Amino acid sequence: MSSPQFSHLDAQGTARMVDVGAKPVQRRTAVATGFIECAPATVLALRDRALPKGDVLTVARVAAIQAAKITDKLIPLCHGLPLDRVDIDFEIQDRGVAIRATSVVSAKTGVEMEALTAVSVAALTIYDMCKAVDKGMVIGSIQVVEKIKE
Amino acid sequence: MSSPQFSHLDAQGTARMVDVGAKPVQRRTAVATGFIECAPATVLALRDRALPKGDVLTVARVAAIQAAKITDKLIPLCHGLPLDRVDIDFEIQDRGVAIRATSVVSAKTGVEMEALTAVSVAALTIYDMCKAVDKGMVIGSIQVVEKIKE
Amino acid sequence: MSSPQFSHLDAQGTARMVDVGAKPVQRRTAVATGFIECAPATVLALRDRALPKGDVLTVARVAAIQAAKITDKLIPLCHGLPLDRVDIDFEIQDRGVAIRATSVVSAKTGVEMEALTAVSVAALTIYDMCKAVDKGMVIGSIQVVEKIKE
Amino acid sequence: MSSPQFSHLDAQGTARMVDVGAKPVQRRTAVATGFIECAPATVLALRDRALPKGDVLTVARVAAIQAAKITDKLIPLCHGLPLDRVDIDFEIQDRGVAIRATSVVSAKTGVEMEALTAVSVAALTIYDMCKAVDKGMVIGSIQVVEKIKE
Amino acid sequence: MSSPQFSHLDAQGTARMVDVGAKPVQRRTAVATGFIECAPATVLALRDRALPKGDVLTVARVAAIQAAKITDKLIPLCHGLPLDRVDIDFEIQDRGVAIRATSVVSAKTGVEMEALTAVSVAALTIYDMCKAVDKGMVIGSIQVVEKIKE
Amino acid sequence: MSSPQFSHLDAQGTARMVDVGAKPVQRRTAVATGFIECAPATVLALRDRALPKGDVLTVARVAAIQAAKITDKLIPLCHGLPLDRVDIDFEIQDRGVAIRATSVVSAKTGVEMEALTAVSVAALTIYDMCKAVDKGMVIGSIQVVEKIKE
């Protein structure tokens, strides 16, 4: 009774897609962040290679954008959204790579799952490209840091 | 020079798929774990509903298995692998949900990206299903904890 | 001449996507039903397990929702629709499982293919999960039972 | 106890992919059939147009083959299979169209879900292409009629 | 400075999706064409078989329509567009097959990539279906020939 | 009679997937090439930006690799192949960009469609990223230049 309401579960606890038909179309922005912790040698290598080539981060950026576009195929109860824009930013820090994704849509429902999915897949792609040299990476701190409705 | 070698980057730093043609087909297992931190009220609600219905976790499990099967579509330089098995386990703890994915394949290359992808998408699905009641969840500690080659 | 007109075929019988550009965006609902006939022992097992766990039906429900979202990828001349909602209901009956899918969209074209696809994939998923114990299941009675335009 | 065993559910009823790692690679064939019931005028139109053009049935055939190839993406606990061959046959009968799909694979697990999926999507595609002129079609009798292991 | 501006690259040359949120929804049409050059014997065979059956071209048409619908999944910085219509026309000429695709959308951004993708995949499908008999085919002249904004 | 045999068409001209079950697994390599013709200003801009950042070509490379992996989803009668490797090379020339894709597989059937698909999608991605500044690009000369069976 006093427990929170799960909008994806009906009275009997059955999974369902929330009906967004009656919600207004609004410009909605979400920003999510995350971090992939790497060994110092990996950070150095990313810095060295990132400056002239940037390939690891560019591949991760493309993967993240592509994943944001199929968020509703990955997450069963998400609605398909016609994204206006997705941006992925990386900052190579001493202990790893900080990832920030901004997703923007004009739609009836929020866009934070798209931003979180973009961050997650960016991190997984960096993991994949560095795993031959670094077996101890950890992906974390994936969260929504901003939601705007205009 | 002394920096580690990125197997996905060639001498010029160009992204490429590593050639696995010469590697032997072996039975390979990988286990990855992760954690989604939730508010106490969310944990209670998950416990209450999870016991009789389990819908949040079942939906997350299905999403994770489906994601593991398309890992190579999400992560650009991954090879497609014919998975023998994927298992997803959840433990509802006081501060959130612990996720554990085991992926098994008979193939020429390792299967840890599939396990990491399964954990990530399971966490994203739980996030999606609880976000109406909990705005502060954080996904983290995503890492590989075991790799076996037989 | 007196034969009906196939809207997907032009004057020469060539397959084409019907142009929906001039049609108004309306709230559209479709309901489809279907049935999967099972052996009595399968029905009993579904009943026993379905009560405490519901996993077969939850997995089928998730698969059906996911399939509804990719109807236009499965059926060549369907248009992509931004679904507002998809609901899947099951009733375990003495001779099998009755399936009912409701799809809702605000769009220029009808949504019955999404409901029919959801029912079909729900039935296929139940078949898959029961086929180890029941070799004689039959899927049938897949039809549209309601269409509403608001 | 005496109820049948669901291979996709473990002791606790949790959904899981069955481990097929230990099963031998064998040539496996499955044949599934189904039927879409149409109004007499639709059958006539299909016959008329099918003879010179065959477009409805060719589109349905292509859709069915494409669907068979993504069976594991549609049905959550199915394994990905490298299909050797898929054949789709149609017979226009007085009361509708009989559909027959044959799927063949050299793999560790059976291929009947691929044949059933092909039949289902062929029927849905015919439905989609005829629905402008026939509102009362019913898809049914979807079943496996043959399984061969060599 | 005097070099052209790449809208997909920001000031630092980083790939990004262009924000289309502020653009008006307009009816947009694009026409693209292409050509697949074949050996004379292949052209003859296409002509012979194309008249009674049309299968090669129908399969290519379906493949092209399906590809147009996933253009944003194939081309990383494309936006997802809800296509109103896609038409594919073929003309068998003495030296090969001319392909023409028309894509129409009511959206905030242009639809030429969908038309180009449809032409490309139509050509690839024809290639695939004729390659057993013709090893020297060449696909070319893929370009946009018309763009209309209403 | 004397016309060539289309392996994808049976005696009646019906589309079908060729049965590859009896063919031996062999290491197979295919190389395809293509060219995208650009205006001189576009070539200059690509050269300028390609040196420090390479983003256009890296995005095109990732898109091409991803497309190669779903060749069988794009081209209806292609078999799914577990690619060992895909390489994409670009050469910026005075009149445009030369594209070369190498695909390698250990499988029962050839891999040239994967190489051709990679080239096509690389060209489409370059087109997309340069189209804001160059309306007259033409994609062409897409062909197989080498096939090796070991």
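Letters A, B, C, D, E and F mark the chains in the order given here, with residues in each chain numbered from 1 onward.
The rule is simple: a residue touches a chain if its C-beta (ideal position, glycine included) is under 8 Å from a C-beta of that chain, and two chains touch if they have at least 3 such contacts.
Note that the structure is predicted; figures quoted are calculated from it, not measured.
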Neighbouring chains common to subunit B and subunit F, by label: A, D
Of all other chains, the one whose Cα centre sits farthest from subunit B: E
Recurring contact interface, reference C-D, options A-C, E-F or B-F [over half identical by residue number]: E-F
Centroid spacing, where centroids are CA-atom means, of subunit A and subunit F in whole angstrom: 30
Inter-centroid spacing, subunit F versus subunit D (mean Cα positions, whole Å): 31
Rounded Å distance, subunit C centre to subunit F centre (Cα mean): 36
Overlap residues in subunit A, where contacts from two or more other chains coincide: 14-15, 52-53, 55, 58-59, 62-63, 66, 76-77, 80, 82
Pairwise touch network: line, ring, star, complete, or other: other
Interchain pairs in contact, sorted by label: A-B, A-C, A-E, A-F, B-C, B-D, B-F, C-D, C-E, D-E, D-F, E-F
Subunit A - residues contacting subunit B, complex: 3-9, 12-15, 34, 41-42, 44-45, 48-49, 52-53, 55-56, 58-59, 62-63, 66-67, 74-78, 112-113, 116-117, 120-121, 123-125, 127-144
Of all residues in subunit F, those that touch subunit B in their complex: 27, 58, 61-62, 65-66, 69-70, 80, 82-87, 104-106
Contact set on subunit C toward subunit E in their complex: 14-21, 72-73, 76-77, 79-82, 108
In the complex, subunit E residues that touch subunit D: 52-55, 58-59, 62-63, 66
